[in-house]
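Below are two complexes that have chain A in common, paired first with chain B and then with chain C.
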Partner chain A sequence: MSAREFWRQAFEIMRKDLKIEGRAGEVLAITVPFGAVALLLLPLAIGTEKSMLSRIGPGMFFAVTLLFGMLVAFRQSATEEPAQRELLTLLGIDPAATFVGRVIASSLLLLGFELVLTPLDIVLYNPDPVRGWGWLIVILVLVAFGLSLVGTLAGGVTAGLRTKSTLAPLIVAPLAVPLLIASSQVIEALRLDRSILNWIVLLIAMNLALTVAGVLTARPLEETSR
Partner chain B sequence: MKRSLTTLSVLALLGVGAGLYFGITAPLDEFQGVFQKIMYVHVPSAWLAYLSFGVVLVAGIGYLATKKHSWDRVAASSAEMGVFFTGVALITGMLWGRPVWGAFWDWGDARLVLTALMFIVYLGYLALRRSISDPDTRARRAAVLGIIAFVQIPLVHFSVTWWRTLHQAPTLLRPETFEGMSSNTIDPAMLRALMINLGAFTLIYLSFMVTRVWIAQMTDEIEQREARENLEIAGAGITAPNLEGHAHA
Partner chain C sequence: MTTPLIDLADVGVRFGRLTVLHGVNLHVEPGEGVGIIGPNGSGKSTLLRVLATLLKPTTGTGTVLGVPLLNEPTPTVRRKIALLGHHPALYGELTLKENLEFVARLSGISNSAVASSLQMVGLGGAMDRRADHSSHGMQRRVEFARVLMTTPSLLLLDEAHAGLDKTATSLVEGTVRQVKARGGSVVLVSHEPDRMLPLVERTYELVRGTVVEGTA
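Here is the complex of A and B:
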């Protein structure tokens, strides 16, 4: 298959997934408010002292993104049901293109999730201003892509299982921790005016490793889901 | 099979005996005193956890490449061993941490936290295996998860050099030297005790692995036999003949 055909297939899968989200509004109507509730509840549990909330605000944002953002990766998809999968196989769609399309769709939705929650986090926690905040955009993109990769892979290995709703988060949460650590450390490094290069490299390396693993294992995973 | 297992078990027992002897007779650490001796169990357990999860990775790739279930049995057995050794490393680490750091658990120690997360990831791996009854599906999905899960192992290992936290930096394999044994940061008698215990734990791992793979093979054979016995010879569409001559409504 040519690279052009591969990307056309991936784009179509992504378009279908986004269309389903556009109709159902699962992320916007359910997951985003769920994440907002978490940001509201946390200060009630740990205390409302302003300086402490300013300090932990960015970390809370990434923790909420990790825990609630994974729901975005597990949402209803155009490639989920056995009948849909059989149809994709009959049409000759490359499983790797399906994986890539789904990851890109989830990444875009996760980025939207993050962009809605960022101003809310700033309003609620009033985090300390940092120099080089433009890097935050890069971090948001890398975290969205990484979480989407881990979530899609976990969704793939647990597809069709009775225990999926509990097993998939159990797999995703610890595997996504490097994303949480690296993103929080970038904010900390920016606050202390230190280099953030190592953390960016860690995020990129993790995303690359997961992309390669996801593309290479897409076919065996797809064969078990039919 | 039985002979090799017996040989391995005897060697493992001898190794444990030698490890205990050299561990007890090794000199006391100047600062940590007797508590440093926990390291003769903690360090080999941590290394074997890495080895076990490395075997899960290799066996997963082996299964996906060949579709032979023997690879899957190795992966499953090694994952169980890995979880066991990670548990031992965590518990011994906490027992050492209480007198030396003053606390069983310290959030400031990156390796401790990441090792606990690694433990949970592989518990998830074992949970996934238990959730799937079809052997082919189970083997493929577990192989994929075994590959993905390994991504975090370098992070756990290098966490002590990337984050300057409470945990002691590597004594043997430092990323900047790779000279390992020639490192002079450890007393030769302590190093000898550590290496003998490492060998003994590796023998324990191998004997457990051989036993566990053998049990898994027996279980698979029993399952296959039961599946063959329960198979309907003519399919569900054919029913038993009605010998009394009464037609059923």
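Here is the complex of A and C:
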């Protein structure tokens, strides 16, 4: 298969997934409000001591992104029916193209999720201003992409299993922990005016490793899920 | 001598300790329609999944569209196979038209073929309706529209008349005839032989996972 055909297939999968999400509205109508409520609950629970909220704000943001982002990340895989999977197979779609298309669609949705919650996190937690806020955009993109990779990979591993809705989060959570730690540490390092290079490298390396793993395992996972 | 589109020899399928198919021999020539009759649980749907190259047999040998059963077919071969199973392969949030457009774009078919296919199955006025807002019968018609649009060489129909009213019988017949007229083959499975018999040249009976009878 040519590279052009591969990307055309990935684009069609992405377009279909985004269109389905646009109609179902699960991210905007359900996940974002729940994420916002989760961010709101903690100040109510622990009090409004400004210094503490400022300190935990970035970590809370990424924890909420991780927990609710999981739902976004493997939504398409989790809701896909066997007949739909078989249709994609008989259409001759490269499973790796399906994986890539799904990851891009989930990344865009997760990025939207993060962009809506970021101002809310700033308002509620009033984190200390740090140098290099531009890096936040890079971190948001890397976390969205990494979480999408983990979620889509977990969706592929659990496809065809009756316990997939329970099993997938159990796979995603430990794999997403390095994303959570690295992203929170970048903000902390920026706050303390330290180097963020190590954490950025960790995020990029994780994303690269997960991309390679997802692309290489897409076909065998698709075959075993039938 | 023509190459058979389907040639199975002593094929069996097991899921763990459960034997679903065993000793199945099936031979289908181009342009031929074959019916497989059997009660619920006899293994008809499993056999169709083997023929669709979606399930590898546990035992036996054979070819589908010239590809050995144990090999993974190329995308080009897979695109020549259409399987209409129990559950329509549609995305509920997309409209009937969008579902077909998705298939058309991935199959290299122009979007103009989508509207004409939907017209042919009597859904010209409902193409902008969401699939999950459409009846099961309408969803089945969309699947037939997909077959008409993609022109497969091997059409596999699982309970082809299920969910379709009597007026749609001509749709099933027309689709089967069109595939056969192009030199393609059709395999229909059903537990109701009456509506299937006019569409096939030969029938097999599948009882408890094995072919026990074939009629010319």
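Quick note on the criterion: the second predicted complex is superposed on the first by the 221 of 226 C-alpha atoms of A that agree within 3 Å, B and C clash if a C-alpha of one lies under 4 Å from a C-alpha of the other, contacts with A are read in each partner's own complex, and residues count from 1 in each chain.
Rule of thumb we're sticking to: a contact is a pair of C-beta atoms (placed from the backbone, for glycine too) under 8 Å apart; a residue touches a chain by one contact, two chains touch by 3 or more.
Predicted, not measured: the structure shown is a model, and the values here were computed from it.
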| item | value |
| --- | --- |
| Touching partner for A:Met1 - first (chain B), second (chain C), both, neither | second |
| Touched partner set for A:Leu108, first chain B, second chain C, both or neither | neither |
| First, second, both or neither for A:Leu91, with chain B first and chain C second | second |
| Touching partner for A:Ala24 - first (chain B), second (chain C), both, neither | second |
| Contacts of A:Val177 with chain B and chain C, given as first, second, both or neither | first |
| Which of chain B and chain C A:Lys16 touches, first, second, both or neither | second |
| Which of chain B and chain C A:Glu223 touches, first, second, both or neither | both |
| Touching partner for A:Leu161 - first (chain B), second (chain C), both, neither | first |
| Residues of chain A that lie at the interface with chain B and also at the interface with chain C | 223 |
| Interfacial residue positions of chain A with respect to chain C in the complex | 1, 9, 12, 16, 19-20, 23-24, 81-84, 86-87, 89-94, 223, 226 |
| Contact set on chain C toward chain A in their complex | 49, 52, 54-55, 72, 74-76, 78-79, 81-83, 85, 87-91, 93-94, 98, 102-103, 105-107, 130 |
| Residues of chain A that touch chain B when the two form their complex | 150, 153, 156-158, 161-163, 167, 170-171, 173-175, 177-178, 181, 198, 202, 206, 209-210, 213, 217, 220-221, 223-224 |
| List of chain B residues in touch with chain A within their complex | 64, 110, 114, 117-118, 120-121, 123-124, 127-128, 131-132, 136-137, 140-145, 147-149, 151-152, 155, 162 |
